[in-house]
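For reference, the structures are reproduced in the following blocks.
First chain A sits with chain B, and in the next complex the same chain sits with chain C.
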Partner chain A sequence: MAKAAILSYIKRDSFVHELTGTTKLIFFILWSVASMITYDTRVLVCMLFMSVVIFKISKIKIKDISVVLGLAAIFLIMNNLFVYLFSPEYGVGLYGSRTVVLTIAGPYTITLQQLFYHLNMTMKVICVVPVALLFIACTDPSEFAASLANIGVSYRIGYSVSLALRYIPDVQREYHNISQAQQARGIDLSGKDKLFTRMKNSVAILLPLVLSSLNRIETISNAMELRGFGKNKKRTWYRLRRMTGKDWFVVVFVAAVLVIDLLVTFWDGSRYYNPFL
Partner chain B sequence: MSTPIISFQDYGFQYMAQAEPTLHHINLDIYPGEKVLIAGTSGSGKSTIGNCINGLIPFAYPGEKTGVLLVDGKEADKSSIFELSHTVGTVLQDTDGQFIGLTVGEDIAFAAENDCVVQDEMKQIVDKVAKLVDIDHHLDYAPHELSGGQKQRVSLAGVMVEEVKVLLFDEPLANLDPAAGRTTIELIDTVHERTKAAVIVIEHRLEDVLWRSMDRIVLMNEGRVIADMPTAKLLAGNYLLEHGIREPLYLTALRYAGVAIEEKMHPEHVDKLCLTDAHKEMVLNWYQKQKALIQQQEAGEELLKVEHLTFGYTPQKRNLQDVSFTIHKGEMVSIVGRNGAGKSTLAKLICGFEQPLSGAIYMAGRNLSGDTIKERAANIGYVMQNPNQMISKPMIWDEVELALLQEEMTGEERKKRVEETLKVCGLYPFRNWPVSALSFGQKKRVTIASILVQRPQVIILDEPTAGQDYHHYTEIMEFLKELNAQGYTILMITHDMHLMLEYTPRAIVFSEGKMLADTTAAHVLNDPCLVQAANLKETSLYSLSMACGIEEPQTFTECFISYEKKEER
Partner chain C sequence: MKKLSVKSVVAIGIGAALFFVLGKISIPTPVPNTYISLQYAIQAVFATLFGPIAGLLIGFVGHTLIDATSYGPWWSWIIASAFAGLVIGLVTMKMDVNEGIDTKKIVRFNAAQAVAHLLAWGLVAPCLDILIYKEPIEKLFVQGLVAGVSNVLTTGIVGTLLLIAYAKTVVKKGSLSKED
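And then the complex of A and B:
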């Protein structure tokens, strides 16, 4: 059966893969904070450059994650579009000057300031996306729960993430089987029928799928309890890896990035770098 | 004897959601190091006993109890599920569902993780138990990369991480093919020898469990202990048949031949059986008499024909390679082989779920290659293993009617068709019931009815009796036999050797995508090469006929089956 996974662990041999899950999680969090806080173009350009370098190091190919990248791009375009529609003069207010490039209609003019604001906003997102995707694509799912617990998240939450990962392939296979059997009973799910009929028909697959998933949940929760899950406040992890020199280096690096980011951004008392002065 | 590790004293239990108690006045002691088999039909209360021992009752399934249950000297319901898990290790029935970790190593370590064992120590423990159950070369494997038997090893290792005093197996054979089942029983025996833990096996497949010796059998029926005695003594009596459990085949054969089963004959294993010359004489005489009565059936006209069928999910690997056979009208045929041998793939190709790389399928002489899934469904019905995966309507009538709603017919016609089908399937009295009120076997009937309503000529069933006890097995199979007698042609994918023998004269054997044999079921089970290739195991009738000096075990098996059919009538 063809694999339908949109985004999952991709096993490669790279520096990013060698880092522990905890390191990657910390990196991801601090990196996101850093890019969220700043609107300083100089900082963003540097971070964008680093993002691309990290992506290269990870040996993950663009085509491995093309679907998600596509979705992210669509989201980004929509975001830009709506920001412009609702406040086309936001950049003007921010940067305190107004240089009109083009007048469209009514209140909608394109100003240099607004364009610059959009550029910064886009860069912020582009800084984070590769790092977020790498965190998922380069972290062994087995380490997911352990690394979440390691930074203080309750292991129950971490484990539910892990269980979901465990069951996604099973449920996909089951969906496939059920849908074939239902098609044999004349329930068509291909494009031939009307949308409403198709929606009604997909219920014929979802009901058995939900019921059998409920059964699964009962079995797994029994199995987990019988083996002592939830007994203690803490638990240890078979697949947790210890932080090595490399990991500390990366953590210190990302912390430094955040500090420099804060310093540069707030040096002149504003989050925005203003080239229009 | 020492003090029992588990002691039921006049124990009774009633689930909160149920009107009647499930267990009544149970008195049962299990001692350290014992090996006990708890047998009984579905609904006899045998699984409930298991749940009481491991603490799922009352901690996960609340209810009301009477009497006392002591586990390792402490009252079970005043303890906790966690505390009990240090004493009792439970291997559940569903090998796949109880696999918690993403890999074998993690799954084995699960209990130790919860116990906050430090990582280095944990790795040592995992390596040790993995070796003990012989899964140490697969520590990085994901569950879907393992066979059923291997998953069971992992579950066993997972509970052995704690040094438990009792190992509890809830229907360990339910999801395994015969060869894997046999290995599991051997594994349980080895683990018992090495750990000296008490072993409790809950199972209705008696002969398979007795492949290795059990000290005692506890027979349950309707929530009560009917018999609790050494294996040999129980087998010598008539308890099993009376309570819906199939006794070992060799014993049935002996009874047919008129031999009275006694304790001193060592009836617990076919290889240990002590038969006198007089006994052997009786078997031989019976055999000669029956042999004369066997008749050959004539084949009907050609219905489904498969020619040089080849298929692969990926270009490199062939899941089916050059398969050809013909099914005649009115036949009932088994398709056997180990998991991944290509049986299900074949069914999918016939139904049109997948398209072959080469070769063709003919239905009554017409090539099906251009037909869609729906068009084929008019002639070929496919019934999945698990009825819960097929039923998509809450009411029986709606479920059976579903396929007809897609066809153009008047409401009157449709109503008539559904009524007829429900009558054929014995579901007419339940037509306005909700599906959820039915038992597993009845749900199976509903799924078969929902296929039959399309009036197909061939029905393909995937493991129609998996996990069913003798009673429900017989119920489902007799129903299929009736349908067969009405002219439906039936193909069954199965692991159940007895089903093959008893109900399908013909069997097609697959191994690694190739068709190995197309012959009689009795022949398959008496040919050691085929038995091994298909992950089956030879029946005990084979050993019995050898012991009695009968040189044609295959004919002996055929005699047994035809005699059994006559007996039932």
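And then the complex of A and C:
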């Protein structure tokens, strides 16, 4: 099972852990918006630097998340490779000049502009990765629903999310059990069978899983209904914490990052920072 | 927005958990970062059973969790997943699988999922990618179409089989007759 690849809450004692879930959620959302909007190299370098600093503060070790980082690296390399294969001259069009460094074969030349584009594209993804990972690793799942409700999401949806987090391990265990049982009966999901057979075989595992999940839905929703869930417009949360000075500081900080990001990015009317002019 | 019923709240939670677990065991295709994803079959079945809002949120929450626990969230694809669930739910809204299933319903389910996935991966995801990540257009559309077609096939085969098998397990109204 791919259990090791799944990141979960890691309890440590750090500044990042002390912040409320709400703060971290706001930080995560604004930070990824900021990185999505900009393509300005200067902004991206700053954000990358800051995200590394935040990672240091959090006391989460590289070791804790090495599997996840490996996956992210593979994802990035493949993505870069494919962008290059499809349009090796993309950067040239973007930055409006052409400086050839190396000619490989046919249309595949390496230009400075293309390299610069790849650098920017990669940074854009990388500067969100530590923040996203920290958000998962440093937020107590039971506090998460409260945070969602706190930023104005309907508590029903918040409850759905916390149910999802609560039942992922259960569903995982169930999937594992069913698939072992079916494998004992000779149903194979691995690469040895043809793709179509594999898909048909997967139904043999999915059907019991779906049916038991539907039963589970029945049980849980009956239990919730009996306890009067959804009767009132509002709900209080056991794990909700009040925002303190630290939290406000972080929220103001990330809002400032977003504003500066917007200003620098659109100051000259272009999303790109062009060093080739 | 209409208030979500308790059952939908739970269905979204469990559906997103299923989406997440199945998303982690996907079978890779030759195109990078694109997988044959069983989770979309489940999403389609849940959208048919519990409606468009459930489909939308299962896609959104499930996909966000998958991305956030493996690499950073890739928002354009998350939104496309949510969009696919919404469309499937909308098209199959008035279709009650609990009353049994026939060819017409199967065709409708498949039409819904085909339209939803082709729109989501062939149009919504690449357009958002262009807007957000500014990647080359050709790459995005090839990637999107491969993902779209493979999702349509997976959902078509696995989803349809699941739906038929599910309908068979439900006891229909009036299935008992009085003995003379």
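FYI, the second predicted complex is superposed on the first by the 225 of 277 C-alpha atoms of A that agree within 3 Å, B and C clash if a C-alpha of one lies under 4 Å from a C-alpha of the other, contacts with A are read in each partner's own complex, and residues count from 1 in each chain.
Simple rule for what comes next: contacts are C-beta pairs under 8 Å (C-beta built on N, C-alpha and C of every residue); 3 or more make two chains touch, one makes a residue touch a chain.
What you see is a predicted model; the values in this text were computed from it and never measured.
Peer 1: State whether A:186 touches chain B only (first), chain C only (second), both chains, or neither.
Peer 2: In the superposition, A:186 contacts chain B only.
Peer 1: Taking the superposition on A as described, I'd like to know which of chain B and chain C A:109 touches: first, second, both or neither.
Peer 2: In the superposition, A:109 touches no partner, neither chain B nor chain C.
Peer 1: Kindly classify A:203 by the partners it touches after superposition: chain B alone (first), chain C alone (second), both, or neither?
Peer 2: A:203 contacts both chain B and chain C.
Peer 1: For A:122, is the partner it touches chain B (first), chain C (second), both, or none of the two (neither)?
Peer 2: A:122 sits against neither chain B nor chain C.
Peer 1: Looking at A:99, would you say it contacts chain B, chain C, both, or neither? Reply first, second, both or neither.
Peer 2: It touches nothing on chain B or chain C.
Peer 1: Regarding the shared-chain residue A:229, is it in contact with chain B (first), chain C (second), both, or neither?
Peer 2: Both: A:229 reaches chain B and chain C.
Peer 1: With both structures placed on chain A, which of the two partners, chain B or chain C, ends up touching more residues of chain A?
Peer 2: C
Peer 1: Just to be sure I read the superposition right, which of the two partners does A:211 touch: chain B = first, chain C = second, or both, or neither?
Peer 2: A:211: touches chain B and chain C.
Peer 1: Touching A:274, do we find chain B (first), chain C (second), both, or neither?
Peer 2: Neither chain B nor chain C is touched by A:274.
Peer 1: Is A:171 in contact with chain B, with chain C, with both, or with neither (first, second, both, neither)?
Peer 2: second
Peer 1: Where on chain A do the contacts from chain B and from chain C line up?
Peer 2: Common interface on chain A, chain B vs chain C: 162-163, 165-166, 170, 203, 207, 211, 216, 220-221, 224-225, 229-230.
Peer 1: Can you name the residues of chain A that touch chain C in the complex?
Peer 2: Going through chain A, the ones touching chain C are 2, 5-8, 32, 36, 39, 68, 71-72, 75-76, 78-79, 81-83, 85-87, 90, 94, 121, 124-125, 128-129, 131-133, 135-136, 154, 156-157, 159-168, 170-172, 175, 195-196, 198-200, 202-203, 206-207, 209-211, 213-214, 216-217, 220-221, 224-225, 229-230, 271.
Peer 1: Please output the residues of chain B touching chain A within their complex, sorted ascending.
Peer 2: 54-56, 59-60, 81-82, 85, 90, 92, 94, 96-103, 105-106, 109-119, 122-123, 126, 143-144, 158-159, 313, 348, 351, 353, 373-374, 376-377, 381-382, 384, 386, 388-393, 402-403, 406-407, 450-451, 454
Peer 1: Could you pull out which chain A residues touch chain B in their complex?
Peer 2: Touching chain B from chain A are residues 1, 141-142, 162-163, 165-166, 169-170, 173-174, 177-178, 180-188, 203-205, 207-208, 211-212, 215-216, 219-232, 234-240.
Peer 1: Which chain C residues qualify as touching chain A in the complex?
Peer 2: Those in contact with chain A are residues 3-7, 9-18, 20-22, 24-25, 27, 31-33, 36, 38, 41-42, 45, 49, 57, 61-62, 65, 67-73, 75, 132-136, 138-139, 142-143, 154, 157-158, 161-162, 165-166, 169.
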